[in-house]
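So, here's a batch of structures to check.
What follows is a pair of complexes built around chain A, which joins chain B in one and chain C in the other.
Presenting the complex of A and B:
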């Protein structure tokens, strides 16, 4: 059971408040959607929850452990933030294999299956630099879920994807929920988010303006 | 996880095309030292052979001067290979992996790494990989030259009676070792070059924490060393009557030069470079926020 407790979190960058007094509790087995316009603080909140940046005020607890104090990063996290980023000179499989070699939690078969599950060919020798935008996006999603993390964070996972791709993201997120992961996704498009999420946090100017729970999204 | 991250970074740093290209370029440059040195050696040998046929005059063949230890690239400062290599090395050692931190920050790949390995573990593994790639990029072509020369020129132990033929005089750094245990002398010099070039390559990492352009980051160590060399030659070594201590790594990383260095300068240089690079990368990076 994974729990994320965001308690009164604010973030000030160069005298500008980008996140303002945000509090929320998230639990495993659910998909949380962050919605808001550009600059509303979705990505910044994801960075805070993933431990990449630290709150100016407030705290974030992952399973009762304070992020940045008791732990530097969540112990098991899959992250896909903004644009997918991999090494240009390696294939998709090689890229995921290299990343997986750090924690050694999964073997080659699992990596290949994950690549297949996002609609890519694990035996494709094509270098990442030659991937299309959609393929890059799919590989980014694969990297986030490959190691079966307890927390999955995906920022705009449907960007650059066609209709099939959006369906794929929906299926992947459902699978994550079923295996008990806590998933956080962000999207500009509320209708897409409503299809995927159990709860939606509407962000405006760094604050939570609304907290909607399925099925009462309207 | 730290060990796995170090292994991964080293693999990225050493098994890349730029590293291979730099080693090839480095070895090619050293050929411009190898060929003239071998020519000179064979010219001397032919001369000695001719002289030996003339038995009417007793001549000193000065055999200790025909030694591996004064024919390899580190022992001469005359050929284009030697002058070019010891001028361009700050550039050559930065090219293989100096751009990496800058590129990974810009692309966002750093996030993939830090959430798996940890902040300081990532920075430390990057530091170690950069150090190794810089050191190896410098030393492999030198070693290639040394071993190739050794295939043709005998490893005669240098004789201090012919001191003017070696360029290593009594005040030179490690000179005693040169005349007693020359292989150890070469090994120590290569080790010093390895450490210095590893640390100079790590300067790229330090620069990348504030500069986001990878070309600038790769070029900067070269210009910093060149600038320091200019300051030394223009403002410090001002009198032709004084024997100065060599301070510029661009000069003292080659055993022979205009001025001699000493162990203190070499050690202080290492300490300064390590402090600057390690504190601005691993120590600072371990606490940094990643956007």
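Presenting the complex of A and C:
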């Protein structure tokens, strides 16, 4: 059981408040959708939860452990932030193998199966630099879910994807929920967000304007 | 184990997989060697030496790393910028400028969240910076070595005193002895200073944009050539100013302490700063 507790978090960057007094509790087995226009603070909140940036005020607890104090990063997290970047000179498989070698939680078979599950060929020797935008996006999703993390964060995972790709994201998110992961997604397509999410946090100017729970999204 | 893995990853992606970066030090060293050979030819033609001199390996190294004599501002003696020496140090600083920053904003984020610790990631970048600097300086050595073979120069560890004072125009009383092998610390210290400067540049990039940290380092290096001050660490990277070369030169022992202090302070400051550093995208 994974719990994320965001308590009165504010973030100021270069004298600008990008996140303002945000509080929310998220639990495993659910998908949380972050909704809002560009600059509303969705990505910043994701970066805060992932430990990449530190709150100016407030705290974020992952399973009662304070991020930045008790732990530096969540103990089990898969991250897909805007425009995923991999090593240009490596194939998709080599990139994921490189990442997997750090924690050694999964073997080559699991890596290959994950690549297959996002619609890519694990035996494709093509270098990442030659990937299309959609392929890059799919590899980014594969990197986020490959190690079965307890927390999955996906920022705009449907960008650059065709219809099949969007359906794939929906399937992957459902699988994450079924296996008991806590997933956080943001998406410009409101219909996808409403379809997939158990709860939606509507962000406006860095604040939570509304906290909606399925099925009452309207 | 995790550290070794990260360091190997950084060495591969920040250096080995970027062969184009090797061209800069190679070209700088080659140009310096050709330049010294031409100057020796000119000096031989004018009968400057008692015999026909051929530059040795130590002379080439001195020519690359020597720097410039202490400058005393005088209306009749305009400041001549030590281009070669500055290019040597700034080339290595420039080559090691961008990788940590770009990695942190791209694939490095994935690595970072998986390592679970910021310190190990930062220390790996420090290790990469030190090893890369060493490798690039090794290139200066290798090119000079090969060049020396091609001109059939000597490989003794003695610097030719007359040549040194001719090319660096040391005007004060000299104490360099031709028949005494010069200590290797004379070349180790400039490299240590270079490593310190590059680490300082890397930690500065955690506070300001990398390009500004490069300009800051450039300013430090250039002002070191103009002013003699214990606070301008570039002074200790110029063997021509060492107390074993000129009688009122800078103390090489102080230089060693300053270099090690700069390295340690940069690494520790980086660990502390990076612990609270916000990892954001370029935009």
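One rule holds for everything that comes next: the second predicted complex is superposed on the first by the 218 of 218 C-alpha atoms of A that agree within 3 Å, B and C clash if a C-alpha of one lies under 4 Å from a C-alpha of the other, contacts with A are read in each partner's own complex, and residues count from 1 in each chain.
Just so we're on the same page, a contact is a pair of C-beta atoms (placed from the backbone, for glycine too) under 8 Å apart; a residue touches a chain by one contact, two chains touch by 3 or more.
Here the structure is a predicted model, which is why all the values come from computation and not from measurement.
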Judging by the criteria at the top, classify the pair chain B and chain C on chain A as clash or fit.
clash
Just to be sure I read the superposition right, which of the two partners does A:209 touch: chain B = first, chain C = second, or both, or neither?
neither
Can A:87 be said to touch chain B (first), chain C (second), both, or neither?
both
Could you tell me if A:75 is touching chain B, chain C, both of them or neither one (first, second, both, neither)?
second
Where does A:104 make contact in the superposed view: on chain B (first), on chain C (second), on both, or on neither?
first
By the touch definition at the top of the document, which applies to A:116: first (chain B), second (chain C), both, or neither?
neither
When the two structures are overlaid on chain A, which partner does A:47 contact: first (chain B), second (chain C), both, or neither?
both
Quick check for you: in the superposed arrangement, does A:133 touch first (chain B), second (chain C), both or neither?
neither
Region of chain B that runs into chain C when the structures are aligned on their shared chain, from 58-66, 148-156 or 238-246:
238-246
Chain A positions within both the chain B interface and the chain C interface are 47, 50-54, 72-74, 77, 79, 81-83, 85-87, 89, 98-99, 101-103, 143
Note which residues of chain C are touching chain A in the complex, please.
2, 5-6, 9, 13, 17, 105-107, 109-118, 275-276, 278-281
Provide the residue numbers of chain B that touch chain A in the complex, in ascending order.
1, 4-5, 7-8, 11-12, 16-17, 104, 107-109, 111-119, 289-291
Chain C touches which residues of chain A in the complex?
13, 47, 50-54, 68, 71-75, 77, 79, 81-83, 85-87, 89, 95, 98-99, 101-103, 143
Which residues of chain A touch chain B once you look at their complex with the stated criterion?
47, 50-54, 72-74, 77, 79, 81-83, 85-87, 89, 98-99, 101-104, 143
